[in-house]
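First chain written, first letter: the chains are A, B, C and D, and each begins at residue 1.
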Amino acid sequence: MSRSLEVQFLNMILKNPIIMASGTFGFGREYAEIYDIEKLGGLVSKGLTMNPRKGNPGIRVWETASGMMNSIGLENPGIDAFIQKELPFMKSLNLKHIINISGSSLEEYIQACEKISNENVDMIELNISCPNIKDGGIPFGIKQSTTRKVVKETRKVVKVPLMVKLSPDAENLLKIAHVCEEEGADAVSLVNTFKSFAIDIENKVKVFENTYAGLSGPCIKPIALRMVHEVSKSIQIPVMGIGGIMTYQDVLEYLMAGARAVQIGTANFINPKVGEMIIHDLEKYISNQPIENISEIIGIVD
Amino acid sequence: MSRSLEVQFLNMILKNPIIMASGTFGFGREYAEIYDIEKLGGLVSKGLTMNPRKGNPGIRVWETASGMMNSIGLENPGIDAFIQKELPFMKSLNLKHIINISGSSLEEYIQACEKISNENVDMIELNISCPNIKDGGIPFGIKQSTTRKVVKETRKVVKVPLMVKLSPDAENLLKIAHVCEEEGADAVSLVNTFKSFAIDIENKVKVFENTYAGLSGPCIKPIALRMVHEVSKSIQIPVMGIGGIMTYQDVLEYLMAGARAVQIGTANFINPKVGEMIIHDLEKYISNQPIENISEIIGIVD
Amino acid sequence: MAIISFNQPLKNDFFLLKISGKYKADMGQFFMIRKDSQSMFLNRPMSVYDIKKDGIIFLYQVVGKGTSVLASCKKGDEISIYGPYGHGFPLNVKGSIALVGGGTGIAPLFYALKQLRKNKKLKFIHVYLGLQKKNEFESNFNDYTDSLIVHYGGFITDYIQYEKYNVIFSCGPLKMLEKIDRQAKNHGIEHYVSLEGRMACGIGACLACAIQTKNGNKHICKDGPVFKGEEIFYYE
Amino acid sequence: MAIISFNQPLKNDFFLLKISGKYKADMGQFFMIRKDSQSMFLNRPMSVYDIKKDGIIFLYQVVGKGTSVLASCKKGDEISIYGPYGHGFPLNVKGSIALVGGGTGIAPLFYALKQLRKNKKLKFIHVYLGLQKKNEFESNFNDYTDSLIVHYGGFITDYIQYEKYNVIFSCGPLKMLEKIDRQAKNHGIEHYVSLEGRMACGIGACLACAIQTKNGNKHICKDGPVFKGEEIFYYE
């Protein structure tokens, strides 16, 4: 039965379209102790940078209405330690592994991509929401020019499939998606978190030391779904949908809107077994539908 | 005691910074039957256009996680009928009245603004989130060029204070705010609803006939608050904060972020007396604070 | 905030929900209710099924997210309730009357029936109920009606003896209301329909529940939910 | 989903919450719990206060939105609970021990006390509790401890007779833990602290609860919440 959830994403056959999102599933180890994560279609590593990073000081998460803000600051062990200590575990899993790469300069992106591409991973997801320190701290993915640069240059060194993860704060998301396509990205995923703000009214100070933080969770779903719909209607390369997925119904909305697979982030914090639950519900759903494979509903809504 | 909630917004003295948002409070009549709306600082009329509009067919509202989407389509009686039947009631109220103006062409905006400006209303709020039919249906407020045009031209005919209501979907919100300031807007209000999407998975069709709809409610607050913070730090004219306000704590966040007053929209649907409740809670709050007037906290958070 | 006195499951996903407190409403009016939950942001409109000295009763069926949340309510839980809202059925009717309800459209008719009983100008009141399956609440109608016809599956409209009535109050699927209206017109019957529609505010402020009528755009929550049949079903 | 057996209000905004079911946990471990509500999106970490055959008990104080939602829970309500998570206090300790708790930091110490009672190698167990005001739960400790010192207001740390102990387990405000740690170092006492921190996942995946330690970044939920005092309080 589970076969009917199989989807093809580029050259990869996924058991099902459910992939765990970067930064919300570690490298899989923690959740592997809670359920059989090999039921999943895939998982994305937490965001990696060339060098280890300690992450941000101060408060790192804040609850909002049907969502949360985070300012983790890309705490990660760095590419080398990752390759040594975590990648073998990820590769040993019977699911697709995607490596999420970040950088605060073009050079960092290129170096990290080159290194990880040599490890022959299933796919690289390029997180272009990171601030470009040379560009006054504006994230690469906001403007077409910086997006073009980072995609073009990383594409040159990446020998595995390259997916670019778009920022919802982009000035013109459709144009940014086109730029990715033009520069040879194999796929795009969207969305990353939304730039947002919170105040500690008691102490009359901002909550996050970094001022702004990233909003995720079901609160963003209607906007993220709109973006996925718009982008998937306007480019040829496949789209992975992300943002606020909590239930199988949310997954169906993303697929019908045009996503070929989805990523689940924040929901893992609310229910650690949400992946298992959603896959179970999707199996039930499809067994009651007059279709043979879930792919048949992809992009069905104009 | 209530005196300590008084704020000045341009030349207007508001009893308190609580104003009801356009499209969520009618012209005040319905809520006036439920509580004493003269307790409010002000109210914004529903969006008016030169000619009467029937609004959109099909489903008009859809529930989301901590929010709602709407596609009312600017149903309204048109400026003339408004001036005849509703404006006298609004003017008779002991609170500030703001008239929200929309149009699908530059000419329509100008005509409507001129007409309503002649009625000597307290303020005009220019809703630039309406699609410009001449510009392929892209809302005026998305791009700087169209924003500049509509603000410049309406400014010429508006003799009362002119506030421009910004769209959160703007390509570059800060630049748009600057354009408004440059072209003589007296204030800006933000945000309007976010472009969003929903699918009826049962029937595998989009929910709204117009495809996309506007998201509002507490789900958007963290993003809207960020925008208000950014904008109020970067322009000189006053800012009215809007988006997801449900409680007095939310109001405090907006004021501390830099808004000189706030508008409350969707919350009215959840609790019709929310305005009364929030003002009551603000009075209690300020009586426990070592400040004399609520204005002292405006923009207190950098 | 009010407190739930009971939330009794009936057959076929129907529930009877009682909220304690003192309430007043005209027949056909509705309240907006909501239980605090991540899965329920907006209030849901619910017609008055009955009003007792110590509380108000709603009859609802689980059809989606919001009504599922309601179904999870227990005695003692807090619930928000606002109303009464809208314009209900006219009290001052004469002759003989039929109340026709389909599915959850049955809800307002029980309270209407009890109110109409106070109208001494009425010759008799007949009640027609259309349901998918047998349920427990139908027999409640027996105590107040002169005749109760319940039909399961199919169309209750096929069983109405139009020639007997001067007035009909109906509530249920639009298709049902339209069928009745056509017959009502043929038979010169005064027909009042209670409409449903997606709502946000429930009081006429948001314009979510607009419907086109013979007299232009109307809003179900404020101008209705009860309309004259001829206002809704007409040929342009 | 589990069912609440009671949610008993104590003085000063403290509550005892019992959730029914079979549970197992080490002392010092915690669970993530959440009640369905618009005002509570993330789970909240709560230490085990006690485990009975038919349920688990938490002791919490209302300090904000989430704990207010918990305070509104009633017997019979559904609640989400995940765990046990984290690394607790070491069982295998020797000599004489003091448990020191401040405020809600008292919660894990009751379960710890009961577990430690099974450790026959311990000479005696003393308990020190610091609270703003007198409360009902303090006396529960009497049944298991060799000595109970409770202090209201001020600093409980001023009352600890460090020279008596080989081991201290402490939980409470960071300032309190630090004070104790300084003394523990002076007296050569093995000191274990249980830390609090804002959490999202509770299992080490989100990296919300990072803390800098002598051995680099650690995550309170996964590497803790119990750490050796010297790992947290050190001079670079």
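What we mean here is this: a residue touches a chain if its C-beta (ideal position, glycine included) is under 8 Å from a C-beta of that chain, and two chains touch if they have at least 3 such contacts.
Values in this document were obtained by computation on a predicted structure and should not be read as measured data.
*Asks:* Tell me which chains count as touching both chain B and chain D.
*Replies:* A, C
*Asks:* Hey, which chain ends up farthest from chain D, C-alpha centres compared?
*Replies:* Centre of mass proxy via C-alpha means gives C as farthest from chain D.
*Asks:* Using mean CA coordinates as chain centres, what's the chain B-chain C distance in Å?
*Replies:* Whole-Å distance between the two chain centres: 36.
*Asks:* What whole-Å value do you get for the distance between chain A and chain C if each is reduced to the mean of its CA atoms?
*Replies:* Between these chains, centre-to-centre, one finds 47 Å.
*Asks:* Taking the mean of the C-alpha atoms as each chain's centre, how many Å separate chain A from chain B?
*Replies:* 34
*Asks:* Could you pull out the residues of chain D that touch at least 2 other chains?
*Replies:* As it turns out, chain D has residues touching two or more other chains at 38, 41.
*Asks:* Give me the residues of chain B that touch two or more other chains.
*Replies:* Correct list: 64-67, 217-218.
*Asks:* Under the stated contact criterion, what part of chain C meets chain D in this complex?
*Replies:* So the residues of chain C in touch with chain D come to 36-39, 41, 72, 74, 76-78.
*Asks:* In their shared complex, at which residues does chain B touch chain A?
*Replies:* Interface residues on chain B, with respect to chain A: 64-67, 69, 171-172, 194-199, 201, 204-206, 212, 215, 217-223, 225-226, 229, 244, 246, 249, 252-253, 256-257, 297, 300-302.
*Asks:* Provide the residue numbers of chain D that touch chain A in the complex, in ascending order.
*Replies:* Within the complex, chain D touches chain A at residues 34, 38, 40-43, 65-66, 80, 82, 198-210, 212, 217, 222.
*Asks:* Could you please specify the touching residues of chain B with respect to chain C in the complex?
*Replies:* 23-26, 30-31, 33-34, 46, 54-55, 59-68, 70, 72, 75, 217, 266, 268-272
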